[in-house]
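Some structures to go through are shown next.
Two complexes come next, and they have one chain in common, subunit A, joined by subunit B in the first and subunit C in the second.
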Partner chain A sequence: MKISVDTKSLMDSLRKVLNIVSPRTTLPVLNNILLTADKTGLSLSTTDLEISIVTRLEANVSEEGEVTIPAKKFSQIIGTFTEGEVALESGSDMVTSIACGSAKFKIMGLNPTEFPRQTEFKEQQKIVFNKRELAGTLRKIGYAVSNDQTRIVLNGILMSIHDNSITMVATDGRRLALVEKVVNTSDKLVDGDIILPTKVVNELQKVMDGDGDVVIKLSESQASFDLDNTVITSKLIEGSYPNYRQVIPASFNNSVILPREKFNEILNRVALVLSETGASVKFKLETDLLTLSAASSEIGEAQEPVELSFQGDPVTISFNPVYLNDPLKNLECDDFTMRFNDEFKPVVVLGDEGFLYVIMPMRN
Partner chain B sequence: MRKIIHIDMDAFYASIEQRDNPRLRGKPVVVGGLPGSRGVVATASYEARKFGVHSAMPSSKAKRLCPAAIFVKPRMQVYSAVSREIREIFRKYTNLVEPLSLDEAYLDVTENKEGIPSALWIADRIRKELKKRTGITGSAGVSYNKFLAKMASDLNKPDGSTVITPGNALDFIAALPIGKFYGIGRSTETRMQSLGIRTGADLQTKSESELIRRFGKAGAYYYHVAHGRDDRPVTPFRIRKSVGAERTFQEDILRIENLYEILETIAKSVETRLAKANAAGKTVTLKVRYNDFKTITRSTTVRDFTNNAGDILEITRPLLDSTDAGNIPLRLLGITLSNLDLSLDHSPYEQLELPLD
Partner chain C sequence: MSTIRILPEEVSNRIAAGEVVERPASVIKELVENSLDAGASQISIQVTRGGRTLIQVTDDGIGMDSEDALLCLEAHATSKIKTASDIEMIDCFGFRGEALPSIASVSHMSIRTKPEDCGIGTEILIDGGVIRSISEVGSPTGTTITVKSIFYNLPARRKFLRNVNTEEFHIQETVLLQALSNPAVGFQLSFDNRAVILVQKNHDLSTRATMLLGKDTMSEMLPVEYCDDEMKISGLVARPGLSRTSRKEQRIFVNGRAIDSNTIYYALRDAYHTLVMKGRYPPVLLFLEVNPKFVDVNVHPAKREVRFRNDRLVGQFVAAGVQRALRGLIVESAPLPGPERRLPSSSIPAPVFLPPETLSTESPVMPTVDGSVAASVAAPVRGTGTPSKVEGGATDVARSQAKEAFPLAPDETLDFGYSKATGPSVSAANPAEISQLRVLGAIANLFLIAEGSEGLVLIDQHAAHERVLYEKVLKQAISKDGTQQGLLIPITVDLSNADTKILNENLEDINKIGFGIENFGGNTFIINGVPPHFPQENIGGMLRDMIDELRDSPLMSKRVDEARIARTACKAAVKAHDPLSDAEIRSLLDEMLVAEMPYTCPHGRPTMINISFTELEKRFGRRQ
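Our next item is the complex of A and B:
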C-alpha cells in the first residue's frame, strides 16, 4: 500500500472510528485500525465485535493494499501533525511507514487477515431518516436508557415499526421516554421491533453532524447506519422489550401547562439544597399556584412558587428532579404539559411533537 | 438434625456449550479466555480435565496441556438464564436456597414443600429434573450441615449423589487432605502443612485454642468442621460484606498516568455497584498485581462512609503511589470497599417503579 492523504481529513476520519477501540480487548487485532486503500480512496475500519465502523476519505493511492496499525498510537502520531499531507506506505512485513514533513515513523501492525470482517448483511428493510431528526430523537430519549446489567433489553433503545410509524423508546423502569413519528414513504414498512445497544446510539450521535440523510438498514440480527462516508454496523440486543404501552395511563384527572426553560431553571435551583442523589423535590399544587420545595438535613431548604392555571383539587407530588430535568433540558418546545392522576400514579410529560415521557413519582 | 443438600452442576459452562453445540460434545472444551489472550479458564469440560486443565489456569497453559482443546468465549447471559432455571427447580422443594454462584447452591430440606422424608431422595429427584429440564447434570452432597454437604457433592462427580451421615462423618473428615477442606485456600494450606497438619485426622488432634491462636477467628471454624460441626444456617439472602471491581490488563502497564486512568474507571464501576447495593463503605482496599503475579493490597479506613467515584479515586491514588506501580509493570488493579453501611436502603425517599412487566 502506498498513499498520501490530507492530514486534517485523516484526523477527522480517525476521530469517527476511534471510540470503539478498547485497550482492554481479548483479541489484539481489535486494538488496531484497518487501513484499506483502493482506487476510490482510503477507508478506515475498527470494530469491537459488537459494533464496526468504516469511514472513507479521499486519498492519492499509488499502490492499493491493506494494513493494520495500532489505533491509539496512530492517531496520537497523526494528531501531532498540523498540516500538509501524510504519506503512508506498507509492504508485506506489516510495518507502516508514516511520513509528514521531515518526520518519519515505522509502526508495527498485525496481519490484516486477522482483522474480523463484516459478516454478510441480509437486508430486510431500509428506512431513511433525516440526520437532524434522528439526532434529535436520540437526544430526547437516550438519557432514559437503563444501565442495569441484569435486564439487558433495557440497555438499549427500542425501535418499533408499526403501520408505517416508528416509535423509539427508552426506559430504566422508573421513567420512560418515547418519540413516535409517521414515516412519509410510499412503500409499506415491515412491522417489527428491534433493540439498538446504547453504545451504537452514542457512536451515532458523534458522527451525525450537519444535514442530510441517514439510511438505516435492518437485518435479522444487525442494524447498519449509512451516513455520508461512514457506515456503522451493530449487533442488535436479543430479547423482547417489555410492553411499554401498558405504563401510559389511559386517562388523567389533571393537566397543567408550564414554560419549559423557566420552569426547569426553578426546578434545578430548588434542587440545589438536596444532598443525596435519590432525593426528591415536592410539587404542591393549589388553585393557580404550584410551589416547588426541597429540603435536606445536611444543607437546608428551599422553595419557589410558579404561577400557572390549575383548578383541580390540591395535591402534592414528589419527583426525583434529575428525572424531570432530563427531558426538559433536551426538548425544544416553549411550553410543556404535565398530566397526572394522583401522587402515586404515573405522570406524563408532553412537549415536542411525537414526544411522550412517563415518570413515576417518589413516595416521601 | 438438619437435612442439607449441596448441589454443584458438572462443568457448568462447558456442559452448556456442549449442549448447545453438538460439535463440541465428547470433545475437550475450554470456556474462558482464548489462548493467546491473557485470559484464564472459567470451566473445562471433563474431556479437557483429563489433560490436567482446570479453572483459573491461564488459557495459554491450557492450550499447551491440551492442544486439541476447543476454546469458547463465555456466554454469561445464557449461563445465568440456565442458573435461574435450576434455582426454580430447587425452590419447588424449599425456599431455603442459598446460591454460592451460578452453578452451586445449598438447600435446607429439613422441612420441604413435598414432605419427602429422605434428603437423598430429594437430591436424586432434583438431579433427574435438572437433567430433564436443562440437559445439564449436577452432583449432590447430602448431609446434616453445610460443610459436609459441600464436601460430599465432590465425591461422586459427575452426575452422582453422596450422603455423609453422622455415623461416618468423622472418618470421612479424617481421611480428607487438608487442602480439600472448604474454606482452606492455598496459603492457609501451606501454613497448615508447616504445622504438620496434612489431613483432617491431623486437624482433629489440635485444640480449639491452638487453632484460634494460629488462625484467628477462622481457627474456630476449622476446629468445629474438623469435628463435623457447622451451625451456619442456609440463608437465602446473604448480607454483602464488600463491593469491588477489578481489571486485568491485556498487556502489562507501566505508565502511572495510564494506571490513574484505569483506576478512575474502576472507581466508577465500584460506584455503580455500590449504588445498586444501596451501600457505602468506610474501608477502601486497593489491589495491585505486578507482572510477576505478586499481589499486594493496601487499604485505608476513612471517617465517613463513601460511595462516590471521586472520593474513592482520591483515596486510592495515594495508595497506588505507595506501591511500586510506575516502576514495575502491573497486570491487574482492583478496588474493594468494605466496612459497609447498607442502611442507605432506608432512605426516606422511595422512587416508585413503572408498572412494566
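Our next item is the complex of A and C:
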C-alpha cells in the first residue's frame, strides 16, 4: 500500500472511528485501525465486535493494499501534524511508514487478515431519515435509556415500525420518553420492532453533523446507518421490549400548559436546596396557580409560584426534578403540556411534535 | 421369632446416659439443678481428678425420705412435673426424670438424704444402676450425691474424657453459670480439696460476675434492664469496643437456664451493628425472663437449646433492650430504669472503681492500653487476664472482693477524677468527657492527641470523621423513609419458597422504607416502587440480597442501603494524612460529641483509645 492523504481530513476521519476502539481488549487486533486503499480512496475501519464503523476519504493511491495500525498511536501521531499531506506506505512486513514533512515513523501493526470483517448484511428494509431530525429525536429521548445491566432490553432505544409510522422509545423503568413520526414514503414499511444499543446511538450522535440524509438499513440482527462517507453497523439487542403503550394512561382529568424554558429555570432554581439525588420537588396546583417547593433538612427550603391556567381540584404532586429537567432541556417547543390524574398515577409531558414523556411521581 | 424387642431398663438408661451424661460437667449440671429444684440455699461440689474419681454434690434442700430416694432412681420418675400439660409450663430445671438413673447406670453412686421433718436419713449405694444396699444413716437435712468412677462400665466413653484441666474448665464454667443465675444460693466448688469458686448466699450478681469476667472486663460492662408485658431482660453487656473472637463469653440465661440461642445471638449482632468488627463478639451476660408458656425447653436432652414460640419478637425485644443499654452510654443523664433485683444499682458501678491490675506489661513496644479498646486492639497482650478462666487463686480474690474494692474506690476517684458514670477508658466516656478533651495536636496527620480527664486520648481522625458523617447521612436517609419513586414498568421477581416466606414476613417493614412490593400470588412479587435514592441497576438482585440479609438476621434494623451510606461516609471523610487545623480538630470533636455512637467507625473499628494515667504512671515506674 502506498498513498498520500490530506492531514486534516485524515484526522477528521480518524475522530469518527476512534471512539469504539477499546484500550482493554483480549483480541489485540481490535486496538488497531484497518486502513484499506483502493482506486476510490482510503477507508478506515474499526470495530468492537458489536459495532463497526467504516469511513472513507479521498487519497492519492499509488499502490492499493491493506494494513492495520494501532489506533491510538496512529491518531496521536497524525494529530501532531498540522498541515500538508501525510504519506503512508506499507509492505508485507505489516510495518507502516508514516511521513509528513521531515518527520518519519515506522509503526508496527498486525496482520490485516486478522481484522474481523463484516458478516453479510441481509437488508430487509431501508428507511431514509433527515439527519437533523434523527439527531433531534435521539437527543429528546436518549437520556431515558436505562443502564441496568440486568434488564438488557432497556439498555437501548426501541424503534418500532407500525403502519408507516416510526416510534422511538427509551425508558429506565421510572420514566419513558418517545417520539413518533409518520414516514412520508410511497412504499409500505414492514412492521416490526428493533432495539438499538445505546452505544450505537451515541456514535450516531457524534457523526451526524450538517444537513442531509441518513439511510437506515435493517436486517434480522443488525442495523446500519449510512451517512455521507461513513457507515456504522451495529448488532441489535435481542429480546422483546416491554409494552410501552401500557404505561401511558389512556385518559387524564387535568391538563396544564407551561412555558418550557422559563418553567425549567424555576424548577432548577427551586431544586437547588436539595442536597442529594432522589429528593423531590413538590408541585402544588390550585386554581390558576402552581407553586413549586422543595426542602431539605441540611440546606433549607425554596418555593416559587408560577401562574398558569388551571381549573381542576387542588392537588400536590412530587417529582424527582432530574426526571423533569431531562425532557424540558432537550425539547425545542415554547410551551409544553402536562397532563395528569392524581398524585399517584403516571404524569405525561407533551411538547414537540410526536414527543411524549411519562413520569412516575414520588410518593411521600 | 420377632427380632424387635423392648430394651431392658438397664440398657435404656445407659442410652439415655449417652445423651445426658456427656462428661463430668454434665453430671454436675444435672445434680446441681436437682439441688436447686430442691430449694437448696447452699450447694457444695467436690471434684477429684477432674471428676473421674469423684464428684460429690451436697445441698441443704428439702431432702427425700427413703421411699422417694428409691423411686428417684427409676427412669422417668420425677417430682417436678405431674401431667403432660406441665411440660408446657416448665418452671423448674429438671423434668425429664432421666438424670439420676442415667448417672447411676454409668458410675458407682451413693445417695445420702434426709428430709427436714424426719429424724433419720437414708443411704443408698448403687453400682452401675444396680442397687447394692439401702441403710438408715445419720445425716443433715438435704441430699448428698456422690458419683465415683464415672463411665467405669463404659470404657469407650471413659476414653473420650479429656485431661483433668479440660474437664475442670468445663466443670468450672458449668458451676459459674449456675452461680450467676442463682444469686440467692451459695456455691462452693473444690477441685482436689482446693476451693475454686466460693460465693456466699449474699454475694450479689456483680460480685459473681466480677469473678467470672474478671475485673477489667466488668469495668467495661453496661447494665441492661428492660421489660415489657411479656418479657424482661437484665444483665450486663460489653461497652462498644470490647469484643472477643468467639461467642464463648456471650452467656445467655432464659428463665435462669443457661442456653445457646441463635435468635439471641442474632439479636446481639443486630444491637451491636457497626459497633463491633465482623467476626468479633461482645461479651454479654443476659438474663431473659419469658413466660414459660412461650418457651419450649424440651428440645435438647441437656436442655442447652430452647425454642421460643415467637423468635422474632424475642429477638426484637433483646435487641431493643441491649440497644437501649448501649445508648445509655451516651445519654448518661437519662436514668436507666432502676434495676430491680438481679442488679442492685449500687453494685454495678462498683467494679468500675477498681484500678486495672491485671494489665500485662510484657511487651515493651506496644503500650498496654487500658480498658475496652485494649481488649480488641491489644488482645494478645493481655493473655494473663483471660477472664473466662478463674484460676485457682481466684477464690481469694472473690473472698476479698468487697474489702478490696470499696476502700480503694475513694482514692481512685480523687486521683483521677473518675466519675461514677465513666469507666477508666475513653470508650466508656460520656459526652462531657469529649468536650473536656484538651487537644494537644496531631501526629502523622493521622492521630489526634488529646488530654482527657482520665489520661491520654488518641483519636483516629478518619475513623472519627467517618462516624460523624455516617450518622448524618443515615439520619437524612431515615428522614426520607417512606418516600417512594414509582416504577413505570414494574419488575417481577420469582423467589424460592423459603425466600417468599421471609419476604412475606418482612414486607410491611420493607415497604415502610420506601419500597412498593406486592405479593402477586405464589412466589411471585411485583416491585412497583423503590426508595428514590435507590440505584437503578439490578433491583431484583438487590431484593434477593436483602432477603439474604433478612435470613441471617431476622430483624429489620439493618437498612438495605447501609453499606452505601457507610461507603459515602467513608469517601467523604477526611483521610489519614490530611492535615487538620486546630479549628478543624475542635469542630470534629464537637461533632463527635453529638454523635450517637462516637466510639467506633461504621465498620466497627475504634475511633479513639485512651491510655490511662495509671498506665502511664506504671510505664514510668511511678506505680507498681
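Following the convention adopted for this analysis, the second predicted complex is superposed on the first by the 364 of 364 C-alpha atoms of A that agree within 3 Å, B and C clash if a C-alpha of one lies under 4 Å from a C-alpha of the other, contacts with A are read in each partner's own complex, and residues count from 1 in each chain.
Definition applied: a residue touches a chain if its C-beta (ideal position, glycine included) is under 8 Å from a C-beta of that chain, and two chains touch if they have at least 3 such contacts.
Keep in mind that this is a model prediction, so the values were computed, not measured.
**Q** Since both structures carry subunit A, what do subunit B and subunit C do when superposed there: clash or fit?
**A** Overlaying the two complexes on subunit A (C-alpha atoms) leaves subunit C and subunit B clashing.
**Q** Touching A:298 in the superposition: subunit B (first), subunit C (second), both, neither?
**A** A:298: touches subunit C, not subunit B.
**Q** For A:275, using the defined touch cut-off, is the partner it touches subunit B, subunit C, both, or neither? Pick first, second, both or neither.
**A** Second partner only, subunit C.
**Q** Could you tell me if A:320 is touching subunit B, subunit C, both of them or neither one (first, second, both, neither)?
**A** It touches subunit B and subunit C both.
**Q** According to the stated criteria, A:25 is in contact with first (subunit B), second (subunit C), both, or neither; which is it?
**A** In the superposed model, A:25 contacts subunit B only, not subunit C.
**Q** Pick one for A:113: touches subunit B only (first), subunit C only (second), both, or neither.
**A** A:113: touches no partner chain.
**Q** Check the residue A:186 against both partner chains and state whether it touches subunit B (first), subunit C (second), both, or neither.
**A** neither
**Q** In the overlay, answer first, second, both or neither for which of subunit B and subunit C A:146 touches.
**A** The second partner, subunit C, only.
**Q** Given 185-193, 257-265 or 347-355, which one is the stretch of subunit B whose C-alpha atoms run into subunit C?
**A** 347-355
**Q** Go through subunit A and flag every residue that touches subunit B in one model and subunit C in the other.
**A** On subunit A, the overlap between the subunit B and subunit C contacts is residues 147-148, 171, 173-176, 242, 247, 276, 278-280, 318, 320, 344, 346, 358, 360-364.
**Q** State the interface residues of subunit A toward subunit C in the complex, per the touch definition above.
**A** Per the stated touch rule, the residues are 146-151, 154, 171-176, 242, 247, 275-280, 296-298, 318, 320, 344, 346, 358-364.
**Q** Quick one: which bits of subunit B touch subunit A in the complex? Just the residue numbers, please.
**A** For subunit B paired with subunit A, touching residues are 33-34, 36-37, 39, 73, 77, 247, 249-250, 272, 276, 347-357.
**Q** Help me check something: in the complex, which residues belonging to subunit C touch subunit A?
**A** Per the stated touch rule, the residues are 472, 475-476, 479-480, 482-489, 491, 516, 529, 531-534, 536-541.
**Q** Could you list, by residue number, the parts of subunit A that touch subunit B in their complex?
**A** 23-28, 31, 147-148, 152, 171, 173-176, 242-244, 246-247, 276, 278-280, 318, 320, 344, 346, 358, 360-364
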